[in-house]
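For reference, the structures are reproduced in the following blocks.
One chain, subunit A, appears in both complexes that follow, with subunit B as partner in the first and subunit C in the second.
For the complex of A and B:
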């Protein structure tokens, strides 16, 4: 018995000495960071903007009912490094800054253009932030994005996080972003976030209705090495997703094969992309095979899709549409920016490990000059609850 | 000081009589004498009725419940008889109809015309005149006294140094009722009562087998309580029976008022918070345990029966598991395992996460928790400890309180402590939920085990408050190591899980169907492992066989 007690006492003492983190923090002592933004000031300093949850105002249901004032508090501090800026902020925040629940990490456009490696270091070293934080680049300043208000979610940071999670465009988390930064043969990309008009809340009379501005994901930021070089818009981003094989959901809208001016929308159910590089010692070319499967869910025209030929025509149109989108993104990456953002370099590296050594240093150049051939396969699987158009008189 | 105490003592207790213990003469009526068992066993009966009576009166002096009934045999003044019994312990109709009436009035009918002599009278009484089911004869005064106090009527016959003990017990006792503490939906409802004989009969009724052995002994120097050791010969491990009997024989205690006395005196690990003997008031549970090869200890005066050896998995089991169909009982057992974990760990994990590991919560949950805790003035550890403490108060109060005020406690408990404390911002709603969940969970499995776990919850809570989840894990490991060291009558407490016995796992966290549980628990019923025939699984007749 005495031995057991001694063991227990030892265990506790050892825990005190070796665990190294005496981290008892009551929840009411925490300033919970939900969104963080990094901007570069004109004099080259770092301005860190934090969106903190005002937990007092968040009380969900029950007593003291929700909505006592704003749910977030946005503060900014400037310093020569991020940690330095955070130290400055700590002088203004009465609680302990807790990064563990940060949802979004936003870089300002200026900061991104000057290179973002210096801003990711703290975020990877500190034990608190999660690697699944969404990384975004603001068109303009990150501070402005964090200062928006969400109409649906508690905080705008969570709102942006849910938008990124929905994967309607391209979105990437911190871990994958870091890998991209560190890998030769691919250049980093992140979602673009900007302030747009987002809906109206209605007042009792029309004049009192408020038009809201909110943050939205509107495309992709393209980097060369670590520096922002430009953007892809939303439709180019679709092409980017096809080429990266990341298509998960979405809609392809195509014009009707028989009735010009009328459109057909197909919901993508499944997609698959394979990139096959070829190298003959001089030139590099790629064959991109894309398979797309979809369900027809909207039809403005009135052709009978139960007919084999019509379906064939629609399937061809689908393939053409996908290829067009992919070409759009490819042309921009190869022509305007001259960067490989599709991971073609990695595919090449896998197939030609020896040849890669001589090409890797000028890969972006090689990529920009490479010919890309598309092989498309498309299937129209189902047509929703209707076969023919229900509203057509026969 | 002594100046005041001494006169007081003299006034209260009288002066000590010098040499009072030395005079052993039975003729002297000494009311202050205390008789030891040893002395009584050495005393014999004399042929003289009056001498015997005097001695018994002396021993049972100032026992107002003892009745000395002197009468003549068959209205013949030559043959004097005396019946001694304790009023209230004997069946009065039996005593008056079958002893007194038969000896006083019916005796002449037996020997019509014959002459009663002293010598023949004794034989006659024994053979023909006492229509009782259980008679015994003795010439030892100690046995006479024991028999009287056990509820027998003792008949003394003048001229014979021999007494006839009539077992005509019949005292007021509780009837066999529904179990109050171990309820089932499906299954027998009867529970043991306070009378040992009734309890053994309940067992015998379930197991009609000559191998069901019921050995009795007396424990308690003063109380002389009947204790029965019950087992099924041929199934039980004989070494365990011998061990149980040896441990029982070691007991020298003044009183055994409940099986708890015995439990503490014979258990393997007296310092452990876990009990290593099962107590139950359900005859079906005891019967099932006997059939698995366990030993039961019954004590007169309590409805609780001990069975040994006990395994930890038994805290997951209820009798109903074996009556319900196996998928249902397996699911409920898994659920009970979950409740054990919840009742041990829920508050401490809650405290650990809230104070140390905020990153473990989903963001939305963290925000709503943080919002709740915004107004709470105490650290969550203090809060959880206080709420646990409050819950223990409520629970203790609801056991002790008179039934009529039961509602008051539940109103106070639910409304004031739950609702008002949260409303006043003294306690977070999350804490109330966790404590309530813990409280309810602790009633979902074996009550005896829940007492141990209730004790252990507090140290783990403290560890969680100091060290976070690390502390919780330390505590759990410590408990596991301790459990692994426990033995119950030589059987490892954690078996069949550790040491692993795959066959035994059929009746642990799940219950296999009856047709699959072919064998008894290996370490307990190893003397006769086969429980049932093989191939009992219901199936359609093999193809090709004609009906």
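For the complex of A and C:
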């Protein structure tokens, strides 16, 4: 009997202790951040913009119950640090601000130009945000980017996140961005995000159609050390990806070797890049070897690609096209900005660790004056389902 | 005998691994990377080599007195009072070690997972469980460890495999950039970690096959060294120059895992490794401190001492440091030289040399 009573008492105590957690927060008490933007105000303050998920609207039964209402709520607050700004925002948000599901960090152009390092610390010191959040730089203000809506995804932050993840241009996560900031002889780069016309949303009648403006990735932001110095556009970004050896997918379009004015498109299937630095005690030069493999998937012209010579000509044309793109990015980085954004410095560091010690502090200068030689190797592996064209009269 | 339990060789190996690995997994990479940069993995290899020597030292010493523990044979070797002093210092060391481990345990949980919970709550709970384990004896927590440690090791491997897409082996180059000195400095702390294998000198009387002690100590050190090595390589390949800035790079390596937009945020796995592993680690040192105290006082049973020793450890741990940074500065600057020179290498070497000169004890085989 006594044992039974003791057990009962123990059960009651245990039930009391284990019924809940010390600082639990229910879903309905959280303001979930999906995108965070940092702008610098003219007086040097931080303006933090948060895109919050309206969880009720996101979870709602969908089309059935009429309009779902807006899926996001965007709030901005100013403070001297990010945490300070967030604290002030908390006075206007009825729930706990929760960073664990954040998808993108967007830095405004002004903030990036003044030096980005001062705005990154909170994101890695606090345990809530993820290290794999995408980092982007807005052309203009970060606030405007977060205030757009997406037609295809639930929220524009997720939309931007999916665009970054698709890796059609250059995109980088927070962890790798920090590694770039911490590495001597490399300069950080991040995707550029900008508001553009993205499509038309159709109304019931044609007149009511709305041209939809949305955020899209339009190239790359280039930093010197920690300060934004300029941009690369989409086609220069292709060159950047070739030079960094990060090409994953894409298309090379080249002019037909036999019929002027007609084009051929090759889908890139595989590619890789090796950068070999050389140093003779005075000057530094690089040999960049790029290998590209692709499938020919569209042909405006009508040459017979089953012939070996024609394929050879196309392969040469592919190589020329890739080199041209790479040169475009290289010239801009060496000439206009004078910064090494391709990791050439790291390649040099790996090969010449001793010589690196003398050069690391003026690496960008050395890089800007370095001669770069390209060696290209291109292969046309397949041609879709057709050999020669089917719609051509013999 | 005070402790009636006997464990077999496999249990002993697992126990010695669990005694070293849990805390090392979380922060070893930051310690070595801050000194040896990308060459930290060489530091680990060096430390493993050092720990093998230490393991040989501890086992050679222990096997001379297969019926006695580290708290008893100094008396035989050095005479009653000097021997008592050495044994007392070892009791203190096991208490001190546990004070730091316990504090680290609580600090990590508060810093990374539950910032609003008082650190004393975590520390009290784990001490209560450890006290229960120690009261039940060596055999019981060795068996618990047989279940826990394989899960920990498998989790560490899986976490590192899942984080592989974020790794770039180029971050480990160039090798040997800053020469040998930083690498040796970086090896001090991991050697102190793996050097905890001196606990073999306490464990030998409770092995059911004492003559396998060499094999046990060497296998355990190699396993611990191997897991420290892969953790080190993985963390530096993920974070490069940022590694040294993290307090817990093992946690942050799990935080970068993302697979197919679906498998993300695996920090709780790290938390499980930490809580389960540190529970065993604390139990081993707690048991050694309680058993040692009983043997030192020549009591018939160590169980009455479990509570007092626990209270001392808990209270000292609360008082030891006033911040997490203080704790890390203490461990980074002071702990390695302190533990290595006195308890891990210094005194065992002295004891062994004296024992050999005086011809005391003898190997059984």
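Assume the second predicted complex is superposed on the first by the 363 of 394 C-alpha atoms of A that agree within 3 Å, B and C clash if a C-alpha of one lies under 4 Å from a C-alpha of the other, contacts with A are read in each partner's own complex, and residues count from 1 in each chain.
One rule holds for everything that comes next: a residue touches a chain if its C-beta (ideal position, glycine included) is under 8 Å from a C-beta of that chain, and two chains touch if they have at least 3 such contacts.
In this text the structure is predicted, and so the values were computed from the model without any measurement.
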item	value
Which of subunit B and subunit C A:149 touches, first, second, both or neither	neither
Which superposed partner A:100 touches (first subunit B, second subunit C, both, neither)	both
Which of subunit B and subunit C A:1 touches, first, second, both or neither	first
First, second, both or neither for A:350, with subunit B first and subunit C second	second
Touched partner set for A:75, first subunit B, second subunit C, both or neither	neither
If touched residues of subunit A are counted for subunit B and for subunit C, the larger one	B
First (subunit B), second (subunit C), both or neither touched by A:130	both
Which of subunit B and subunit C A:90 touches, first, second, both or neither	neither
Partner chain in contact with A:32 - subunit B first, subunit C second, else both or neither	first
Touching both subunit C and subunit B, counted on subunit A across the two superposed complexes	23, 100, 130
Interfacial residue positions of subunit B with respect to subunit A in the complex	271, 354-356, 358-359, 363-364, 366-376, 379-380, 422-423, 425, 429, 463, 466-468, 470-471, 474, 478, 482
Sites on subunit C touched by subunit A in the complex	111-117, 121, 166, 170-171, 173-174, 176-177, 238-242, 245, 252, 255-256, 258, 261, 264-265
Touching residues (chain side subunit A, partner subunit B) in the complex	1, 4, 8, 11-12, 15, 19, 23-28, 30, 32, 34, 53, 55-60, 62-64, 98, 100-101, 103, 128, 130, 154, 158
Touching residues (chain side subunit A, partner subunit C) in the complex	22-23, 100, 127, 130-132, 165, 173, 175, 178-179, 182-183, 346, 349-351, 353
